[in-house]
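For reference, chains read A, B, C and D in written order, and residue numbers begin at 1 within each chain.
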């Protein structure tokens, strides 16, 4: 059996490189009937903000060729509700539980992160500076080096556990943004968040989504995601977590070979709720078949 | 009521019309879990290049003896068209049973009006049978544009009185379900509805005017079916977004904003 | 029969809004056995540079979910060869023949454009400032407002017929780049060029494409393209030509409703060589079925 | 020789092995155009979600009387697997005939060696027949890893001498095609080859050492098949990129860099 455990910074040990992406896996409990959560490297629970948010109006999704658009818009019951009502139910899961944190100002992010820092069994947070679906949801921060740095700087002061920053692909130069957040002390970056897209219902002559645009995910975007992981992994020294259209173990291995240390399974959870566990098992099997002793031996293998 | 995801075996595809079929699905390996009327299945459609997401389909009937359930499918898009092309012996990957079902009242002898239109009549068949088995008396009020839109009438008749309306007058009373004389001639204890949104809203308004409890089964666009993606939301009267897949698909219509 | 003719600036009248995209339709002649070129609004012949270019090494393509990557790299025999050998064969086609012009410096672009200005039957050129596949192929110009403006400024002096500028989607803010080229006198913009992507062959542990990255096209990118056309059409007054994964008339109509005045059919030509003509016919049929008298009535209809 | 794109009708799918089949395609509406040996077809595969582009497949045989041609397909990916699942009566959208074929020498009585491996033997069958009909004498030299890799031997035997090699010695001579004794025992006027690149390169080197003209049919990754996308290029000895689809797929190997 190949070794598949990987570390993200000093504080986050994953039993395998497979995480579930925020917003695609609820709080994990929704999938507990169907899969053994203990077989995952970790789960990243849905985007949490300091205050509750109702999100955008319905319709929030559209199917596209080998992908989907969504404009959920960070619906969640806020950080306090998460700490008091959700955390007790998931803190003893046999896997790492990470929280995706969103905000609308650096102070906002920092305050929410500080609350998560109090939760012993949350070893890391993923900072969402790339949500394309709310006006104040961070994408404004995520598309400039200065904006991204300002959020990370504020959060870094308030949060001393593992800090992952999730990057937007809707930029000219994702590598420079990755370097900016690395410079402010991020422990890792994850990419890609969704690509901004639109689908028009020609019969009704209007966008399908309630707010017009949404975020594109699924296999359609995978080539863009692999390219960006490759670019960012060459640009920074901190670990890169890759995501974007990973449906199979082979897809996951593509990201590892592009330079990712771990991967997130997102939209695939909607197609096959067992996808994440199958991918974790499939990576193991592939490594064994290829005679690779340690998953680290294929990280960046395509460089 | 735990959820399952597995390849079920197609045992029959009964064509009701060119574009409607009842697909029977059997689990050869394990006893099906308890399935409540109103619950649904998320179906994965392979071999359809433009069908990326699963398709939510409500459960039309359950046959415990055969260890199978059936889906009434209307072929409107590529995914549902591919489903109609299934043959006995084919496999279909299903995630089930999902959501909350219709209420089966305590006691017995309750008069329930079940109003359906289009493919929305599907869950009312199983619901009607379960009501009858529980000792209640369902009345089915089924509407369509034309006689050919009224499906499975012989099966509905096994479980209760069947009233029909057609917009062109080719079958039953002329008009829409809320125009039917049974609404005046008979009294009911509760109402359930599933079908096009304008129909459900009209039914809910009528029920509300008589202070009758009314449940509606919604069919929002959805991705996961598990309450994870938060795409299928509907607004409650206190302005919260809740998931059709997990908090529904059956709601007391008083809970929802759309009734107004 | 609905009216379907549209104008791009003063100098380019299209009998219908369907053009074929550069690099996907050769010089048109490759398709002449299969379709009636006279039923197209126009054809945009492959990227032409001042001097001949051999392009990149094989392999130059990879299939991806509902899309493809290519890294052809502007292979062409140069502007002089085009003028003397190709132009005589295509100048009398019963459709508009446009030339896509690439370069590696503003002077380069201008010199090549000046040669095209001499060709009476070429009513317009499309300036490619967005090729992701050659180091000196313009994408460096296409990703900043200043770079884009510098090329358009130089070409505008040398070229007084209809000037279309093809924009890169690999940017943070495509609308501001569109405004920059409009300010320098571009008559229209076309978008999107390909999204940069990568596909790794995990068995061989290396990128499939010879130069690592390539440009992603096909239905996979359509939601991104529609969104960008929508954004750009709101930002500029000049006509917008939309492209990106258009396979059917319905797809084309989606772009028109997003605000495009015309569309280009690209990758679809590889899947069905008759796609462009079928799309032109399909637009007509759809307008008639919907009782729309003039295609202009649906341009921007989803705003 | 004009090109066509149309739905042809599958008349038969002959399985040669689990993963190889000969698919016969008929045009019910019009006489097939002239097809030269070595030309290929770009096939559009529907119902295969991961198959976006057409698949180039070389023409195995042509039957003018039946107005059909056939393709030898090796099911390696999803597209070719979907092709093997075709049934008589199904339609297959084809773009054909594409590219330039093998040379049929002037005169008669020429001795040609046709070397193939794997699915690369496909065009050599039709080429062999056309050579024989033109009065030439083809010798087929077919290689595989094992006996089961050698396909259509009975058909090749109709048109000329058949020599085989297998790497495991289970059929014909032990070794690779370039190890076969016929290369020493017989003299040839020209050579043609199609199959794995290392095999073709070895054959070309051997032909070059004897100053024999050698043609090879290449199978580069391609999109359009028409010379428009410029994806399928190969480098010539004077360092130009030319298209396999349009300038080939058959090349005189002296033209190409890869021979060195």
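Note that in this section contacts are C-beta pairs under 8 Å (C-beta built on N, C-alpha and C of every residue); 3 or more make two chains touch, one makes a residue touch a chain.
What you see is a predicted model; the values in this text were computed from it and never measured.
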Neighbouring chains common to chain A and chain D, by label: B, C
Partner chains that chain C and chain D have in common: none
Distance from chain B to chain A - Cα centre to Cα centre, in angstrom: 36
Computed distance of Cα centres, chain C from chain B, in Å: 48
Separation of mean Cα positions, chain D and chain B [Å, integer]: 55
Shared-contact residues (touching 2 or more other chains) in chain C: 62, 64-67, 218
Set of chain D residues in contact with two or more other chains: 49
Graph class of chain-chain contacts, one of line, ring, star, complete, other: ring
Each pair of chains that touches, named by its two labels: A-B, A-C, B-D, C-D
Contact set on chain B toward chain D in their complex: 46-49, 51
For the chain A and chain C complex, residues of the former touching the latter: 62, 64-67, 69, 143-144, 170-172, 195-200, 202, 205-207, 212-213, 216, 218-224, 226-227, 230, 245, 250, 253-254, 257-258, 286, 298, 301-302
Contacting residues of chain A [partner chain B, same complex]: 23-26, 30-31, 33-34, 46, 54-55, 57-68, 70, 72, 75, 218, 267, 269-274
Chain B - residues contacting chain A, complex: 2-5, 44, 50-54, 93, 95, 220-224, 226-235, 239-241, 246
